[in-house]
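Each of the two complexes below includes chain A, the first together with chain B, the second together with chain C.
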Partner chain A sequence: MASLSTTSLSFKAPSTRISQVLRKGSSFQSVTFGRFTSSTSKSLRLQISCAAKAETVQKVSDIVKEQLALTADTPLTAESKFTALGADSLDTVEIVMALEEKFNISVEESDAQNITTIQEAADLIEDLVQKKPAA
Partner chain B sequence: MVSRSEVLSLCRAMLRAGRQYPHYNLREYTKRRTLDGFRMNKNLTDQSKVNEAYAEAKAQFVVLERSVKFHSLYPPKTKNIMEVKLQ
Partner chain C sequence: MAAPFTLRKIGVPPNSANLTEARRRVFDFFRAACRSIPTIMDIYNLQDVVAPSQLRFAISAQIRNNAHITDPKVIDLLLFKGMEELTDIVDHAKQRHHIIGQYVVGEGLVQNTGNKDQGRTGFLKNFYTSNYF
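Up next is the complex of A and B:
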């Protein structure tokens, strides 16, 4: 997994629009995040553009579970929409605030309104954590 | 006419402002109270009532910002017990 992550970093250079499209496309195909270490060359190409790490997604999921008071065995995938989990827009605001605090980032107003799934939140967090100068 | 996104923006702004208090109790209270306040009125349908509630929240927001500035002048001298990590 280590070698895959380094190659993914080197590909962040291309224009953000393209990498965003690639990211969106690959988020459906790169099957869960770290548990299945698929090592075929086909998935390698897709994972290069995959933005969110497994642990980020896990942390986001934990926060979502806590905020929405979900039981431990509710099925929670990266594609789960907040509304499907029983959150209304105020809950979403609260979740985004909690994520901001946890990861020590600042989410823009426009970005915050577009977060609907766990994967999107994780991608945005990764983005912001990288852009932030290392403390 | 107050839109949904304006209401959410105000909620977010208030939560952000409340985070700046150096005092644990004020931070927690602001977070709790703003969310409770917005949740209490979330099912309003009458637009005039919505506008009224929004205006009230806006006024409170102005007070909140002023209060944060003031309380930042007098930060607590010791760390609050609730902020100390359990060992």
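Up next is the complex of A and C:
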């Protein structure tokens, strides 16, 4: 599965989640990670360390492509930096705003400054989508 | 649903000390403008005319026009004018044809330059540019 390749790279973000879950013991199928139970039936540790869903990353890539007017065959991986794709700082802010609109979230300025790659953007989106109260 | 964004009117802040702070203010202004786009589309009924991404592009194009400026005070003044414009639009002090004319069609996104040059011949075009052709 494609998610296996990203687990090692994005390991630093969810490491706190893993330690919390291990402490909780048996009740870790509960609320926080309910989303992941439908994806794979492998060991739960792999599910928890997968920080962003592939479809989120895909949606982010689409928005980036549209914003920077990239042709369809430019190589776009989860780790591509926006600046490497030809975006200046205003483009980066515009991409964040487009993501805000698309996913209906609100990104704080402090969070927005740390976004430099597509993977980070997808992670942040997943965080915010999870945190906001279900409408 | 993310909490609806309201444009808070604050007094004129002191000048930016350096380019970094001016830059930060530009981004703050851009964010405020983008977050006001849903309100603007609602007020002026632009749903069928233009997409939010096009409006975002129009705003960023205007900002990029002045991207070469390096004096923080000049940037502050441009931001003041921009903020004034944004406040006017959000307050419904403008009308739909203003918005469409300034940010969508005309000098905005879509250029309507077809009709002007239709009748002109090559002779006239050259004549208008210089004496010698």
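Brief remarks follow.
Everything that follows uses one rule, which is that the second predicted complex is superposed on the first by the 88 of 135 C-alpha atoms of A that agree within 3 Å, B and C clash if a C-alpha of one lies under 4 Å from a C-alpha of the other, contacts with A are read in each partner's own complex, and residues count from 1 in each chain.
We take it that a residue touches a chain if its C-beta (ideal position, glycine included) is under 8 Å from a C-beta of that chain, and two chains touch if they have at least 3 such contacts.
Given the structure is predicted, the values throughout are model-derived calculations rather than measurements.
When both complexes are superposed on chain A, chain B and chain C clash.
Touched residues of chain A, counted separately for chain B and chain C, are more numerous for C.
Of the two partner chains placed around the shared chain by superposition, neither chain B nor chain C is touched by A:A54.
By the touch criterion defined above, A:K132 reaches chain C but does not reach chain B.
In the superposition on chain A, A:V93 contacts both chain B and chain C.
Residue contacts after overlaying the shared chain place A:E66 against chain C, while chain B stays out of touching range. Residue contacts after overlaying the shared chain place A:N104 against chain C, while chain B stays out of touching range. Overlap of the chain B and chain C contact sets on chain A: residues 89-90, 93-94, 97, 101, 109.
Those residues of chain B that touch chain A in the shared complex are 4-5, 8-9, 11-12, 15-16, 19, 35, 38-39, 42.
By the touch criterion given at the top, residues 88-90, 93-94, 96-97, 101, 109, 112-113 of chain A touch chain B in their complex.
Those residues of chain C that touch chain A in the complex are listed here as 1-3, 23, 26-28, 30-31, 34-35, 37, 52-53, 56-57, 60, 63-64, 67. Against chain C, in their complex, chain A makes its touches with residues 66, 89-91, 93-94, 97-98, 100-101, 104-106, 109, 132, 135.
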